[in-house]
Amino acid sequence: MAEFLVHIEIEWPPERSQDERESIFAAELVQGQRLAHAGRLRRLWRVPGRWANWSLYDVPDATVLHEALTSLPLYPWMNIEVHALAEHPNDPRALGIEPPAPTKETA
Amino acid sequence: MAEFLVHIEIEWPPERSQDERESIFAAELVQGQRLAHAGRLRRLWRVPGRWANWSLYDVPDATVLHEALTSLPLYPWMNIEVHALAEHPNDPRALGIEPPAPTKETA
Amino acid sequence: MAEFLVHIEIEWPPERSQDERESIFAAELVQGQRLAHAGRLRRLWRVPGRWANWSLYDVPDATVLHEALTSLPLYPWMNIEVHALAEHPNDPRALGIEPPAPTKETA
Amino acid sequence: MAEFLVHIEIEWPPERSQDERESIFAAELVQGQRLAHAGRLRRLWRVPGRWANWSLYDVPDATVLHEALTSLPLYPWMNIEVHALAEHPNDPRALGIEPPAPTKETA
Amino acid sequence: MAEFLVHIEIEWPPERSQDERESIFAAELVQGQRLAHAGRLRRLWRVPGRWANWSLYDVPDATVLHEALTSLPLYPWMNIEVHALAEHPNDPRALGIEPPAPTKETA
Amino acid sequence: MAEFLVHIEIEWPPERSQDERESIFAAELVQGQRLAHAGRLRRLWRVPGRWANWSLYDVPDATVLHEALTSLPLYPWMNIEVHALAEHPNDPRALGIEPPAPTKETA
Amino acid sequence: MAEFLVHIEIEWPPERSQDERESIFAAELVQGQRLAHAGRLRRLWRVPGRWANWSLYDVPDATVLHEALTSLPLYPWMNIEVHALAEHPNDPRALGIEPPAPTKETA
Amino acid sequence: MAEFLVHIEIEWPPERSQDERESIFAAELVQGQRLAHAGRLRRLWRVPGRWANWSLYDVPDATVLHEALTSLPLYPWMNIEVHALAEHPNDPRALGIEPPAPTKETA
Amino acid sequence: MAEFLVHIEIEWPPERSQDERESIFAAELVQGQRLAHAGRLRRLWRVPGRWANWSLYDVPDATVLHEALTSLPLYPWMNIEVHALAEHPNDPRALGIEPPAPTKETA
Amino acid sequence: MAEFLVHIEIEWPPERSQDERESIFAAELVQGQRLAHAGRLRRLWRVPGRWANWSLYDVPDATVLHEALTSLPLYPWMNIEVHALAEHPNDPRALGIEPPAPTKETA
């Protein structure tokens, strides 16, 4: 399995109706959760001030990543940049280092 | 607590001696692990083909993040770009979605 | 609380009617003042020659900043770049340094 | 008087001695405070992760701004970008809008 | 008074009718001359091969410059970049140096 | 004769001695004035906050412009960008429009 | 006379009818040949894979170049960048150096 | 044979002695003329204001072009960008169109 | 014969009907295979997350490459960048080096 | 196995001795061939006019790619950009399409 960092900008035409927008964004959330349940999508953050996000994917390779990304209903309006990641010997998760217990969990 | 995505390029002069290089990189690993044990540094990946990495920090704010980054021994040779992250309602961790059990854990 | 420097470009289609334009810009002013009264928006400047501005926000974190920015009526037509700020030990406000009294106040 | 937003990157050679570095940074702090007392420098923030800062100047014009910036001891190692600002009719300070009293003051 | 160097790109949709185009460009010329008579606009050059120009403005500050630029009929179709200028001690005009008399005057 | 807008960044190594710096900058001023007396250099402005300037040249063609620029003592440390200018029919100077008399002259 | 290197990108809307496209491209070819017969346009090359070209113009100055370029029927859909050229003392044509006779002539 | 447009920036350290500089530039001129006599280098222009040039090469393919460019004595200090050119059906040379006779020849 | 590396971004309007999209993409696949059978197109890869690809062409020169690329049905919606390639003396194929036999073949 | 397209710029200081240069470039060739024999490096091309190349790697994942690239003796002087590739259903190799027999083989 390989991790990829993914940056997505959504270029949705502002003049489209609110109905269309709500319906496609709802479908987007559902498909995102499907990818999460399948173990493909691991983390998702918003870029503050933009219709954009950063996400962390865990997939066998770039071909499967492409399938996951093109399965998103908003894909035709997305500008996506994929960053391949290599393992770092000092990655806290690889080293099994956990944050101290009393730390409030980030969600 | 707030998460930040951090991109670091290391601009280490190639003509420095191997001893200097090994000694500062060893100190770097130690300090990175200290930040991990403190719960500041959560993930760390290499950018393939570069003296560069992506990392995920979890800190109270940008001022504490600056302190963490400037504590790294290689800081004077680093070109760092910080990406502030906002919470996304569909973040798998926020939703408590776990990857399926038989999936081999990524490290 | 954390300060953020925000750069906004407005990409309003020039062929839209003057009525639409005046109505949305009026709503924009009202919402900007609401954010100011709430202590979110602290300063606002125009970029000379552009439908663009710089602003200074004071918010708990990037998630609240995102909520403030997306509450602006012109948000769908905005291209926003957020700059996270860390405290500087030499910031005149932190040091309690006031400009000399006879100086005409900038507004 | 006119406000300018100023972005400064400091390109200090990492191989210079710690003494030189400490001495010039100390002189830098002193001169920054002089500019603050003169009402030229109003705000100063760090860019997290970089030897860089954003600052807000209040000066009669660009010529006086240039004099202020070139008076900084680190000026020869600075890469400076100046953003001219125009007044915005909705600037909270121009409108006399104050943040709500119980809000903890940002420094 | 302060000088500003202004770069303007005109993004006029090529499919608009010739009448519309001629009428707005005629109005543009008139308003440009008004700004010249008011002493705001001092010089104007075309960028060869583009619907673009460089101009030199002489105004009290960036706020007045913004008013001048937004008074242009083509303003909604303009992409404008403003360069603040500081006085240079070696500026030929400041030094009162005139070009030699027999030189054919540039217009 | 043709006008050119010229942007110059000076990349002078900050570690050179003050004597060298003063001597070459003095020679630079002298040569700049020679070019002004010859009618080549017409205007000169500083870019605020930078060892950089904008200038306006009036020369027969790009070949003569190159000779003028390479005659500057700081030429080997300059990064120069030349912008060819075409005449604009609405240029105030071509139209013989003068700024109103009581306007304080910019130098 | 002065030579200019000109880079042109054609941004023709792909959804326009084939008739319109063929008719304007035919007019473009005719006007290009007129400019060649007038000695303005000397060389013309395609950028492989793009509706774009490089060309070499020989004109008295940038003002005449602008007239030549705006006379092209496709001008409103062109994104043009002009590179002013200065004479080089080692230019083979200036030195009268001819390629060896048996070389197959490039057209 | 194929034509290539070549853009060369020379990054010669300004602190090298004048002797070294004159000697390598002289060798550069000689090798440039050799390439011209071999029919490889066809045209050469200076970029005004820079140690840079545009040139036109006529070679069998990119491999031979690389050999020609690396044969230049200044090659290790050059930043070179190669633009592959395709034939354009409207190229004046391909059409055999000559500039009008009385036109003063550009060199 | 010369190899070229080609990067293609497809800018297909997302609001076009699914029928149009399927029909033109099907035609695209057919023409791509024709170019492969002709020995022009040698390899083709997707850029993960984008309507974009990298390809390797083997053609006599840039003029034939242009013909091949413009023969693609999606050409009017493509943004293409061509990278000319020169032979490298250490290219495994030129040296006749084969990957080890038991290696699973990449397709 | 996954293919990656790799772009490498070599930033070798031109003032280093010819001996050093020849010795490290010889070691580079040897290690490149080792990677080819291991099936990691599949193709290698020069960027004409630059100390730069494009290469095609075939490796299990980005972590192994990083190991291969850092094993190159010139690695400390390389600026490397890695492009992850996904499989394209129309890749001639995946489809088993061979170029026509009489075509002269490219090396």
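Miscellaneous remarks
In this document, chain identifiers A, B, C, D, E, F, G, H, I and J correspond to the written order of the chains, with residue numbering beginning at 1 in each.
Here is the rule we go by: contacts are C-beta pairs under 8 Å (C-beta built on N, C-alpha and C of every residue); 3 or more make two chains touch, one makes a residue touch a chain.
All figures in this text were calculated on a predicted structure; none of them were measured in a lab.
Simply put, subunit A must spin 145° to overlay its Cα atoms on subunit G, rounded in steps of 5.
A repeat of the A-J interface exists among I-J, G-I or D-E. It is D-E, with more than half of its contact pairs matching by residue number.
Work out the mean CA point of subunit D and of subunit G, and you get 48 Å between them.
Per-chain Cα centroids separate subunit E from subunit H by 37 Å.
Measuring from the averaged C-alpha position of subunit E to that of subunit F gives a distance of 19 Å. Centres computed as Cα averages put subunit B at a distance of 51 Å from subunit G. Shown for subunit D are the residues that touch two or more other chains, namely 2, 4, 46-48, 62-63, 65-66, 82, 84-87.
Arrangement of the chains shown, judged by which pairs touch: an irregular graph that fits none of the line, ring, star or complete shapes.
Applying the touch definition to every pair of chains gives A-B, A-C, A-I, A-J, B-C, B-D, B-J, C-D, C-E, D-E, D-F, E-F, E-G, F-G, F-H, G-H, G-I, H-I, H-J, I-J. Residues of subunit A that touch subunit J in their complex: 2, 4, 61-63, 65-66, 82, 84-87. Residue ranges of subunit B in contact with subunit J, taken from their complex: 14-15, 46-50.
Looking at the complex, you find that subunit J touches subunit I at residues 1-3, 5, 29, 32-33, 36-39, 41-48, 53-54, 58, 83-95, 97, 99-100, 103-104, 106-107. Listing the residues of subunit A that touch subunit I in their complex gives 4, 6, 13, 62-63, 65-66, 69, 76-78, 80-82.
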